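The following pair of complexes shares a single chain, chain A, combined with chain B in the former and chain C in the latter.
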Partner chain A sequence: MNNYGRIRGFTVLMVVMQNLIWILLIVAVIAFSLASDAFLTSFNVINIFWQSAPLGLLVIGQAFTLITGNFDFSSESTMALTTLIAAQLMVSSASGGLDLMVFPVFSIVVMLLLGSAIGLTNGLLISYLKMNSFIVTLGMLMLLRGIVYAVSSGNSVSNLPQMFTWLGGGTLFTFTVGLKTLGIPVAAIFLIVAFVVAHTVASYRRFGREVYTVGGNRAAAETAGINSRKVILKVYLISGLCAALAGWLLAGRLDSVTPRMGTGMIFVVQAAAVVGGISLFGGRGTFIGAFGGVLLWSILDSGLNILQVSPFWIEVARGGLLLFAVFIDAIRVRFMHWLSHRQALAQSTIGLEVE
Partner chain B sequence: MSSEPEVKGFSDKEIVNCPQPTIILRARGLSKSFPGVHAVENVSLEVYRGEINGLVGKNGAGKSTLVRLLMGLQRADGGTVEIGGRCYEAMTPDEALEAGIAYVPQQVSMIDSLTVAENILAGNLPAGKFGFINWKEVKQEAKRRLQKLSLEIDVRQRVDGLNITEQTMLAIAKALFSRAKLIILDEPTAALPKVDIQRMFSFIRSMKQQGVGFIYISHHLEEIFEICDRVSVLRDGQMVGNHRVAEINQTQLIQMMVGQSVSEFSRANNPISKEVVLSIENLVRRGHYEKINMSIRKGEVVGLTGLKGSGSEALAAGLFGLEYLGRGTVKLNGKAFIARTPRQALGQRLAYLPADRHRFGIVGLRSVKENITYSILKRLVRLFMIINDRRETELVSSFIKDLGIVTHSIEQKVGLLSGGNQQKVVFSKLVATKPSLLILHEPTQGIDVDAKTDIFRVIDDLSSQGVATLLISNEVRELSVICDRILVMCEGKITYQFIKGDAEAIPENILLAIEGSYEPG
Partner chain C sequence: MKWCNRLFNKIVPIFCISTALLLLLLIAACSSATSEKVKKAGQVKIGYGAPLLASGQAEIMQGLIKKAEQKGWTVITTNADSDSERQANQIDYFMSMEVDAIVVVPVDSQAICAPARKAMSAGIPFYTIDRAPVGCQINMTVLSDNFMAGKQAGEAMIDLLSKRYGNARGTVLELQGDLGTNVAVLRGNGFHSVINKYSEVEVISKPTEWRAEKFASATVDVVSSKEIDGIYLQSDCVGMSVVISALEQLGKKFPRDDRRHILITSVDGCPEGLKAIREGYADAAANQPLPDFGIIVDWIEKELKREPIEPGEVVMQGAPWSPAKVTREQSGWQLLLATTRITPENINDSSLWGNSHNPESPTPLKVNP
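Our next item is the complex of A and B:
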């Protein structure tokens, strides 16, 4: 009885640990609002969502690959290349384009197709040729960034058509708060819709089920008749597509595409996913948690900026948060093992005969 | 035997001076449990010097766990090991070696590309001037040591040039050079040709004469009677007997190994239809099995058994597409059966329960619900490939009820269930695919008696619904209870067939057939 009480006590602890991201989020919000009046304003909240949209899309793609137990480091370069090509198709040579003046809808289609094609290439190399995902995508990261520099000759592309920038930079439902006129950013709505779709796919569709299985135990998945190679191919396709969408959002907000767009962002993406509870070992994590990870990351950025903390110390805080997240994940895994041994012993009839 | 041991200049003085019989090792009340299973329970064992103590038991009886405890490779939950007057509660591998326990595994691993001499002196090669090794001295020293054991092996030869007998003998010799008092031999003759077994035996006997104690693990019972002085029997983790071999016979030994009360389950003789579900003709896979001919009819439960490496496991894995199946004609439900992947096998309504549940059976991180429906998601999806949650829950709940899966909810992670319940989850997954042929590989491994009975009941139910079952197992008593027919595989061939109800179809005979020494009549 006492024992059972202990297990139940630990179950409560387990629930706390599973939802740690939301507890951290609340703590962060409270701490920053106490520290500065400028933090919890509608302007800043809108801004946080706006800024986190491209990161969020990259995290969605990354989370799918991580859940299958693979990496995709190439997504930041995929994002830069797809967006650069799309931008160059649309603008004049004076703005860094190719003078083709392609209609935005067409160039968006090209962009999404290119992202998917890059993802497909990664996926084929990793699933069918059984190459290591870490190395393949690391190579792709460098290769694609090189192409970006070569294609752009180091020049930025600007003056993007409004139809293109609407998704990342446009607003809806304008309203007035005090002296400022604010609007809900399209990007923020898109971000939330994207996470809802991702969550639905992962938790309620057959494909999502298979993604978790492949990541949880690939041998068992195959024995159960799941085509794990196809599943892995698909997650990379999704990752490539998400990278292109992220680029579309980012280019819209900045109204330009630079060759260095997104450099170093992959570390932030991985960190946000891990902080949100996506395991690097595959099979564990939810998209709701990942969304929390993205928000926490943006809140930390925004809050520390408002407090005028030096960028160097912001980097320290980011690193510290990441280490903390991995630490919690490790504890969670150990705890799970401990719990499983206990419960297995408690349930086995052989175990009861000992006394 | 009781005479003063012969002294051939053997290096260990202690052994020479001790009067006989002296206990080398005394294990008292050793226990070790893993989640859900008592691998070894309250086992006591004594080994005397100059004695060969046989250790027998079926696969999974706890032999290897016991050896690991004696070697200090695993910590016992309780009990003590006493060696050379010292008592250990938890021995480290170093202490075990220091105390003089050596283990010679079935597959001896030595540094193959070195010579015999280098292998013997590995670790303390005599260094000459400038740190160079004095190879002449190495060879002489190695030769001298081998002569002491009257073992004639060319010390200049590379180890990979030796045959298996010589390699095993060299491993024993090496153990003795490091002053081992007790040598644990794990199936030393398993890979040996018949002629060499006697050579090995005479070597072991001469070591015994010099006062070395042996624990001799073997599945070949004649060998036990030939070379051992005493024999200890493990069954389900418990020491069920310890006798002088002169006092018992082979039948008694087998009865101890098999036990009596494995299961209360009994299965009625269902009328079996004439319709053939699986037929295999002249199936050959080189190195694994040859000329396999068999057929399974609708509703029939066929057992397939054999020692490790006899081909029964490879055949099952081959049929399910996990391994190469080989060449021959295989028909399932009258149609040619080809499966290169488990997916294709499942598509042809063949389901397989793997022996390694944790690796191939369950996804421990995911829920009971998900684990049961992995193979049938195709049938559960509706618009936009969204899984029909209501139908899934109904289906899973019915399986939980039918098989008696103990779980507090269908969302419980499978990794947190006990072994028996995990196995029932895997079983449900197979049954959900509505197979026409079910291949079960050690379905009762590591699960408790109640869960075993539940699983037998399900096999029986399925059989009355017309599902054909191929049951690969070493649990002969269980096979004789549940199967309509039992096929025995030996060295890649089907050697015997026992039919339920025949007078000869008793577990003792089946065990003899498995070991290749059954003579009908």
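Our next item is the complex of A and C:
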């Protein structure tokens, strides 16, 4: 095989590594469906998509910030606060609300605006005041969660109007299987649409290219004339908005908002994003991969629980998967460097006799 | 190489998304075509969802497992780690595993309704223990008569205050649980139904969300700034040890025979609570029959055999939970188990579940998480 063929072979290997998430997904689905016949039922598959929806939205927001090389640890608290305020506006005080009985459309608008505002605040602090994204969003995580408890007085809100819960809890195209009435969850459709939109923006629009450039090499982005501060501001705004959408989905599914909503979710969000191929160093990763990461996470949770694996070992498995993903990411970076080095050498004529 | 690029940058992603969609629809279509599997007759499987495994929840779970296994049933257990979303997911998994009934201790009484409705509309009976749902109707809830427990703790506090001062007066710190649970509301109401009759007793109430660190911080805050005669803990399982440590930290930990002793009454009857009474730092408790919540399996059996449930009283001689009341409430059937008052006199009674545990050398509970 000549050099060109060998590089092509390596490129195929690299493509495999980049799409590793899909290979893992297929392996996981096959493994679980062989191990238990409760796994690959329409009911369970629908649940997997249903459970993935809030996580998926949070991952979209997180992925945008991660690609620019920044973190957003506050999104779980943003999700809780925006949803709590929206819920309190809509229901009576008997169900934990404020008796304002606001029309759901208005409270949804308030929720999305609030999420964007929080995202904007994060963005301003991080990109314009040049504060460290890790610390700022960590601080916001605590601050916003504290506000959630203060505003709710520790009480939950329930009996949300059907117009509000339709997105997270409603179904379309219902059919019956045995005693169960199933349908395609609206949340699943919304999730897929959100990822398609995110992927389109990231891969085919100028803003997406700017995001990747800022993440890949900020100095080069500045030289190329990209206003990197504005880009970072926008990604945090997106993250805040996505957190509000995630809360809308979750509240719809549970028909309630508890002050603890989303606590601890931030770790899973980071893990799912990394497993899906979003690099923690910025500049790399696709939303298709991130979608795969979200699905894999839910499939793992569902499959291991149905097999009645101890929760302790489930945590071990999830941690192990995350470490494996980071490991693959590191290898891929080194491999790409090696590959480009060889390609550059192959094109030079140093040391070759030229007639 | 251009075709290679195009393939992997554009076509593979579209392919992957459409595969995911197709998979979903395919499975939906395929599974709806086949009829429901014939279930293995005879083997009854129930799913149990614990909210966490600390402070008495393990006792409740063990009690239920024991009573279910006496009937030859299998119990699948999960732990929601205080996360209502996780509990909802776990209920989904129970449904996928096609259990015959689901029993949970809800993490949040309001958030449990959506998953409960989902299970019941699929024909799976739904039961809760220790906390009743708010806003929906399920098959049955079994809990201690929390109002009675609060009342017993209140009566004990009044008796102790009267003994000390001749009449009932003084300042009492009430450490409330999570006000989002109806348990805390009832224990508070029961306590106040007694205390409010005595105008010279002042009550300072502090919420703790059933968290030990909040029990401790509330105690430190209030006891350091005011002269407190008594403390009422809505849960000695969660709060007793940290409250005693907090008092020690403030230099206010005195045994019963000391004049400066702070009177302590509580609800639950956990080993920590009994130990504190034995050592003289606490004075009374209302015992929750935690391991006996498992008797709900008798009512689950009735439902599975399609037998009717009657309201009324259930009596079993000698059982600490007897007499129990079966009533019809807004949340469905309710089985209220009686609570008993623990004092230094009956502290070593073997029917108190806290005595089957020696906190000094704790026997590791075999828990199937």
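The criterion applied here is as follows: the second predicted complex is superposed on the first by the 342 of 355 C-alpha atoms of A that agree within 3 Å, B and C clash if a C-alpha of one lies under 4 Å from a C-alpha of the other, contacts with A are read in each partner's own complex, and residues count from 1 in each chain.
The rule we apply is simple: contacts are C-beta pairs under 8 Å (C-beta built on N, C-alpha and C of every residue); 3 or more make two chains touch, one makes a residue touch a chain.
Everything numeric in this text was worked out from a predicted model, so none of it was measured.
Asker: When the two structures are superposed on chain A, do chain B and chain C clash or fit side by side?
Answerer: fit
Asker: Counting residues of chain A touched by each partner, does chain B or chain C come out ahead?
Answerer: So, of the two partners, C touches more residues of chain A.
Asker: Report for A:217: first if it touches chain B alone, second if chain C alone, otherwise both or neither.
Answerer: first
Asker: Just chain B (first), just chain C (second), both, or neither: which does A:159 touch?
Answerer: After superposing on A, A:159 lies in contact with chain C but is clear of chain B.
Asker: Touch check for A:225: first (chain B), second (chain C), both, or neither?
Answerer: first
Asker: Should A:334 be classified as contacting the first partner (chain B), the second (chain C), both, or neither?
Answerer: A:334 sits against neither chain B nor chain C.
Asker: Check whether A:283 is in contact with chain B, with chain C, with both or with neither, and answer first, second, both or neither.
Answerer: First partner only.
Asker: Look at the superposition and give the distance in whole angstrom between the closest pair of CA atoms, one from chain B and one from chain C.
Answerer: The answer for the closest chain B-chain C C-alpha pair is 5 Å.
Asker: Considering only the contact definition stated at the top, list the common interface residues of chain A for chain B and chain C.
Answerer: Chain A residues touching both partners: none found.
Asker: Which chain B residues qualify as touching chain A in the complex?
Answerer: 33, 35-38, 320, 322, 341-343, 346-347, 352, 354, 359-366, 370, 374-375, 377-378, 380-381, 384-387, 389, 406, 413, 415-421, 429, 433, 448-450
Asker: Once bound in the complex, which stretches of chain A touch chain C?
Answerer: 8, 11, 15, 18-19, 22, 37-47, 49, 51, 54, 95-96, 153-159, 169, 175-182, 184, 188, 192, 195-196, 199, 203, 250, 253-256, 258-264, 286, 288, 291-292, 295, 301-302, 305-306, 308, 310-312
Asker: Under the stated contact criterion, what part of chain A meets chain B in this complex?
Answerer: Result: residues 200, 204-207, 209-210, 212-213, 216-217, 219-227, 283-284, 336, 339-341, 343-345, 347-351, 354 of chain A touch chain B.
Asker: If we count contacts the way the header does, which residues on chain C are in touch with chain A in the complex?
Answerer: Where chain C meets chain A, its residues are 1, 4, 8-9, 12-13, 16-17, 20-21, 23-25, 27-28, 30-32, 35-37, 76, 78-79, 82-85, 88-90, 92-93, 95-98, 107-111, 113-115, 121-123, 134-135, 178-180, 207, 209, 369.
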